[in-house]
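Pasting a structure below so you can have a look.
Each chain gets a letter, A, B, C and D, in the order it is written, and its residues are counted from 1.
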């Protein structure tokens, strides 16, 4: 079991008209990702609506803030009990056997134009045996081709853009891997969390984006950016792509300060809490 | 009340590997769109799975067909009891009051890049009073700028492409209108049906794509292509854009024959069944 | 007559491999734009090649610099004798009468995708009487729709991108106007100079990009950004778009410092040197 | 020596307004490509202007046709004396040594967005030794990745589109190869001719598009589509990309019939006229 102490602090300055916010910063609650305690502090006395999406466990916080400073602090203790499988044991699921609520993750989305990548995906990966190792090969291909570099992409950058420019951040790696999977009829979705284990040389801890792929009967974690340690990922949200699960979607004129994010592992053999580490198995925090 | 006799006939030739199909050709069932009878004939003895999506009423038919001919014939009798409101009475809903399951229709999607159109939408429509008449103005703007012409777009054409090329088919008109609405934070979705009332000079009856916009507390119908009579539309599916509700999504090597589609109004004063016609009011077949 | 004292100072730091440079910072020499004196200082003892393109008068400086600092200072005194015509007197030239060396400016180029804008250009400008006033209408249309804002575009931004985003800098205004002209079969080219007369509130004097359109028998100046005073423009280069006449095209790893640019009018009634000012006539510094 | 008998027949129907045409169907005249006889028949009694571009040898025919049928028949006897060099003997030319009139072929153009492909080109080809064999590797890479298939691209398809879709016709292969070369600072241009030696199973003889790359001190021929025999190519035009050297650029409303094209080799040992064939050497018909 992995125990993570999570902290997210956000600050905004809002103009005279106020602004609406939709946040995806709550730890999702699934059978394998349990929230044993959490606190949310909001600096304005506003109505907070938290809605849990039953299909995904995403928790969405909505609020309407008035003019001036808005500060949020979210802390949580999260316990992860991973399903672990060797990738060679994970089968791709024939389309005719996919659950109905998985089908939407086969289709192209704003930042994952899988409908344009059919030939390329078949040429690069069509000859590989189906299964978890093929999906690993896709993640590796993306990691080898794309260079990680801050501030090389924007909020409108898509998988096709990244394939051409060969540079981006974690969001771009994830979008490209998702587009390639869907082009092969493998369901894939965009998932957000924190960049547990990232090289401190790359900057302070930050939000992270990675991929979940439907194999066997679950969603399994892949990190095509290769920057972090998946075993330490706490999932916030999962969706078709970044448009679904932005950390904050803002309607109004707002100055945004840099977020402060932290996810620390509590290691305590007494309670079975281990250190997250790289492993050869494929991990899932999803219920079947 | 409107009564429509619907017929859809589809034919495919499938290669030796077989193929998976996901169809969106069943009339949706809502409080305002009742299916009083329906028949589905499939030429191959295959397992049919029909799944109804609770949030939308979409009914999705899945099947795996073997090599050779696959023919489907779907017929239904559908009764429509429209909610009718003058557009001037319909208010846009502030983001903070939108239901949770409507939020997804604010975000950009594959063919509706609303994230790129914020300035343009504000410049063209930002000064208009909010409400149903503003949405009508968007539909009119799209209709005036875009020329309807068959075979001018492809399956990868998006709203931005259409805005530049100024030509397309009903699908393209719908995508552009949706993108402009979302860019103004007005929820909008892509809806499919038949082109009731279309000029026979344009060709035989066909599938149609139009728009539903969330106003007041319902989804209201807008037809930016202006080719048909909305009062006669039977809704098949509704989703973020064409990727969600294609009439047929096919996995495999398949030759597709032209569909035969027909939606005829039964006019019978004795039972209150009227002739669909153009009207000044805005229509909804959605439950609140 | 207008006399401009021009100064351009550029600084680069070059890595150990050295770098090749192609500069377009010399004032072009035409019948109407005479260079009465000029000095070029280069901080490295390198071979300088200056090539004058006969068709355009563009002067291109090429050099290969070694590792370390490279500083250039170019100063020139330039005398402009404008051809001035009321736009209503300038006729568009039928394609069959265009000189051969003008034809290339009818075709689409990297940043001016006129081949995608035929319908839009016809819809917006097709009904206007042909001639200089139609071209003015295009410039005004671009200026009204696009917002000038620094750092909103990149080196790969094209006319179509700008049409969608509705924001950019002078380069983007010029590309969009050029693309629209070419879509109407009006030859148009991208021209560089300094931003004479720009509001100091927008920043220090800078390079500028504007448009020349072939009307009557000459190339006439249009400034769709509306930020500067065309009568004070000294032309450096003219080409199909920004790719042809970048101030500096660099091959190698180089850190670029902000350029220092200045173009000051010498007003001296004794020699007939006037103050550049906005005027209603259309100006040309091109020989027929 | 290769002798080719060339025939081109074109037919158009023009509406009541007449139309302007710019044709690039004359065989270019260079030191290595001599036109020993040619005939041009035009069905309308119109003024014909043929202009030869000195830098390239392109010959451009312009005419204004009236309403009704316009038929052209061009026949020529062309003698090719190729410069032949093993690719391993051909050096890339450092930017600082490139002739001035070659520089324009380093820049991105409408259908060759080399400015977006820098990283990709360096990753794929940056490690190879410079020279003719690297250019061959680029041609081979394009040929391996892209599938030749008729009617898969349109007049607006660019190198980036082709890189993503991995399908196209000769024009698309050429654009992609050119964009990759320029991204590596290797001058490359788009050249048109006939598809000598193409498999008759692919259809009747047709126009062809291929690539010329500046190596050593000449422009050398590369055919990334791999469909034809370069030794039999008669060059019509060469330019930045397809926009410069379309076989016909038309201004007006015109119905275009399929062209009839033929290029037959005359084999006559008596005069030294050989059969064109595939060879390992790189060929040029350009003067140094």
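Definition applied: contacts are C-beta pairs under 8 Å (C-beta built on N, C-alpha and C of every residue); 3 or more make two chains touch, one makes a residue touch a chain.
Please read all numbers here as calculations on a predicted model, not as lab measurements.
Two copies of one chain, chain A and chain B, form a contact in which over half of the residue numbers belong to both partners. Taking CA atoms, the transformation carrying chain C onto chain D includes a rotation by 180°, reported to the nearest 5. Centroids built from CA atoms put chain B at 31 Å from chain A. Chain geometry summary: the mean Cα position of chain B and that of chain D are 46 Å apart. Listed for chain D are residues 116, each touching two or more other chains. Chain-to-chain contact here is organised cyclically: the chains close a single ring, every chain touching exactly two others. You'll find the chains touch as A-B, A-D, B-C, C-D. Note for the complex: chain A touches chain D at residues 116-117, 119-120, 123, 145, 147, 160, 163-167. Residues 20, 22, 51, 53, 60, 62-64, 94-96, 100, 103-104, 106-110, 112-113, 115-116, 155-156, 185, 240, 243-244, 249, 251 of chain D are the ones touching chain C in the complex.
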